[in-house]
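Quick one: structure below, then a few questions.
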């Protein structure tokens, strides 16, 4: 007599300790195994794209901080670059170096958050999270010296950055660049060899490179599946072509690979920043672009390799002081298309860990 | 085999004090009342000692965990935050005790009681010092193992009665895990019993010329793993895995009901450390210091070990936990029992040198078995390094293994 | 081998057990802030302000309420309006600093504190009197001239209106 | 550098295969009549020369008389990119063929455009609102939402 079982539908709801923001998964379980799931989002939808049509080009910068609130430097960079492409402005060299330094520091901070919360989902009670946040605080102090804020920076302006870095910034940056590799080795020693982490993440949430490309996944998740696509190498913007660094790739495309990607990318970002600090030359920090910039009629799309993936802005200008249309290509939203392939068939605990390893940010998904 | 309440224990002094206490002109209190009063005072002191040490234990746990996280931990209430447990208790007592409407009231209210009672009953048979114990049952160890299984029912009652799906998940996981870890826990203790020849904890402590942790390494490791699974502490804390099923079986509880669950969950490590100290580290027996202090130091050592594990390693998945129990711990404990049985036959009442030979054999077998089992799980445990893309900015080779 | 990776992890946590905690006890110890920290209470120099209201225009949220009236009867060139109402609604402000960036006469500066919490919303609005009376410790955000003077709002003494110009 | 294909070479490749599929082009943008969109996209993906295997983004712009859909696509193998634009006429119920069967990445982006701009995509697997709740009146990203078009 077969045991009569029935699937149970559970709301891994908007209010749940490990959904990384207000994100809901309506999951039908057969016992612990995920049978079917349907992501539901929109809880953090603030209508940024509609708001952008009401603000001048320079005011929209404050809007872009709040998209991916963990990596607001690279949001600024993506937006400002597409306005410069629209207006045909080229920022001076020193501004580009400052932008790359802050974008790479922001990538380290975002990867620290991603790794810390991945371990929190795995159950390591807070220890890796606290170590990652201890290092992230040092980066936030650097940003506080640079632009006065700790999370929503609005540091970049059309044509460059608003102000040069103070003297104490460079001293603190050198000290940070000296200590950080040692801390990353500590994370590796604490985590990469940990047998329990290995059994929990290896061959879990596997994403083949074909599905990844088909679902237009970008960022560490795509590279973990072995697809060699990093905008900083493939389509070098700002001054990335003057800096040599490596792009880590995964082999299997499971959670462990995605974790390794982020740890390795942190090391590479450190390399980039230390190289930028060597190459930076003095000079103006902002091209003379009027505050009320009026780009010519037309449209432009520019993208940047953010910590979560390819963040792009498609701007349409009708010659006025405000963008006619500002479409945001958000990597976290599109990285969720393949969430069903990765999760169906796995267990409840695998689902939580895989969601953590995809590293979505609800501010960017719902805009 | 001492009598149940041996002559010079704390209890019998009390009893005699009550019997011959009488005010002139008033008839002495009846014999049964003295018996009851003495017993009540002993049990009252032990329970309060256990609960107070556990509340201090919560403070120690939060401070030490804080230090592991390179932060301070609670230090607001009283010097170094020592009054935090009291503040917690007051908060929990005054908190509203919500009862969602989807619950089964009787089962919902009974669950915390049934969960905390066995946790405290474990202390009935543990010798705290030279001759201080509540009762010296000659089946002490059997009593402990029997009592700890009752906790599983309480967890299932709480999970099922809360009526919310996360608690049901927690309850199902708890039943599956706790029952399947009873077997290795019992078998690993059989080795100790074989060596001492008696189940009573007092005799086990006396029989240990060389502490059993040295003689029985495999037994110790299995018991430690199984016991930390029994009290669902890391890395087996899937019963109330806060990142997966919110808070498992006690999601719907609040106020003092939740407090009772939490208290029981913190009494469990104190109890297990006490059992570990008695079984494997010669309990209260120690060279210079008074016996109570030795017992307390050994308990603190094991408690710190559990804290350290909780701070470092992540959680296992439910099927890995079950596989670990049945495929690793269970065979190893059978090997341990088989080996100890042969040793006991060869050296019925061993001298110290024979203890050390047994220790050497057991250590060899322990290391051998760990190597064999890690050989089996080798492919799952091998680490990987990322490969680096050779792509310059213009070459467009699609690198990727598959 | 089972456990060797985990052993490495145990050493790390043990090492961190003996490291000094990096957290600070906030109410007792003061939070060290950078000189460019975009603080809450704005610093406004009445003598420098000409009532041009470009700060109100540049603010993305439009939360600066400014009402000016003619100074004297005959307004010569270069004379400033008299500002009657100048209140900043901190309840809706996001401290982006665009108003400070837009002020052509360096009259408005960011403050350097963050402890101005209130119990109701309308007491979050900084009226003009409070702006006049508050002691002026401007943050060096978008004010390079203050930075060249190595001025730090947390330790420094208040600056009068003439020392702040570009 | 990711080469962005100009209109000529795209037109040379595509018109050769599908007659009358390119309306016009200027610079790197190629306009395609909405009827031919699905065909052009499928051809762009399967053609070994173009090999557009990665859909970067779909954007919708409301130009009051018509809606313009902009498809950014790129090829990871050849490292070049292409922009295809198409116009949807009509304000009540603009419809266009969905490209989900060509690239699965278009799934959520098309649902978002349906949700916020009101363009329905035919034979999309589950065309429902993605960011707003089901009963939401109107489509906010349209220019005439809540206030008269400028």
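We just call them A, B, C and D in the order they show up, numbering each chain from 1.
Going forward, a contact is a pair of C-beta atoms (placed from the backbone, for glycine too) under 8 Å apart; a residue touches a chain by one contact, two chains touch by 3 or more.
All values derive from a computational prediction rather than experimental measurement.
Engineer: Tell me which chain's centre, taken as the mean of its C-alpha atoms, is farthest from subunit A.
Structural biologist: B
Engineer: When A-B is set beside A-D, which has more C-beta pairs in contact?
Structural biologist: Answer by contact count: A-B.
Engineer: Using mean CA coordinates as chain centres, what's the subunit A-subunit B distance in Å?
Structural biologist: Roughly 43 Å, centre to centre.
Engineer: Averaging only over C-alpha atoms, locate the centres of subunit A and subunit D and give their separation in whole Å.
Structural biologist: 26
Engineer: When the centre of a chain is set as the mean of its C-alpha atoms, what distance in Å lies between subunit B and subunit C?
Structural biologist: One centre to the other, that is 54 Å.
Engineer: List the centre-to-centre spacing of subunit B and subunit D in whole Å, with centres computed as mean CA coordinates.
Structural biologist: Measuring from centre to centre gives 62 Å for this pair.
Engineer: Which parts of subunit D, given as residue numbers and ranges, touch two or more other chains?
Structural biologist: In subunit D, 1, 76, 79 touch at least two other chains.
Engineer: Provide the list of subunit C residues touching at least two other chains, using ranges where the numbers run on.
Structural biologist: 2-3, 5-6, 9, 12-13, 16, 22
Engineer: What parts of subunit A, by residue number, touch at least two of the other chains?
Structural biologist: 127, 131, 134, 190, 192-196, 198, 227, 234, 236
Engineer: Which bits of subunit C are touching subunit A when the two form their complex?
Structural biologist: The contact residues of subunit C facing subunit A are 2-6, 8-9, 11-13, 16, 22, 33-38, 58, 60, 94-98, 101-102, 110, 139, 141-142, 144, 147.
Engineer: Which of the residues in subunit B come into contact with subunit A in the complex?
Structural biologist: These residues of subunit B touch subunit A: 65, 68-71, 165-166, 169, 234-235, 237-238, 241-246, 310-320, 377, 380-389, 391-393, 396-402.
Engineer: Which residues of subunit D touch subunit A in the complex?
Structural biologist: Subunit D residues touching subunit A: 1-2, 53-57, 59-62, 70, 72, 76, 79, 83, 103-109, 112, 116, 129-133, 140-141.
Engineer: Write out the stretch or stretches of subunit C touching subunit B in their complex.
Structural biologist: So the residues of subunit C touching subunit B come out as 1-3, 5-6, 9-10, 12-14, 16-17, 19-23, 25.
Engineer: What part of subunit A is in contact with subunit D in the complex they form?
Structural biologist: These residues of subunit A touch subunit D: 41-42, 45, 47, 49-50, 211, 213-217, 227, 229, 234-236, 299, 301, 303, 310, 312, 314, 316, 324-325, 327, 329, 333-334, 336-338, 366-367.
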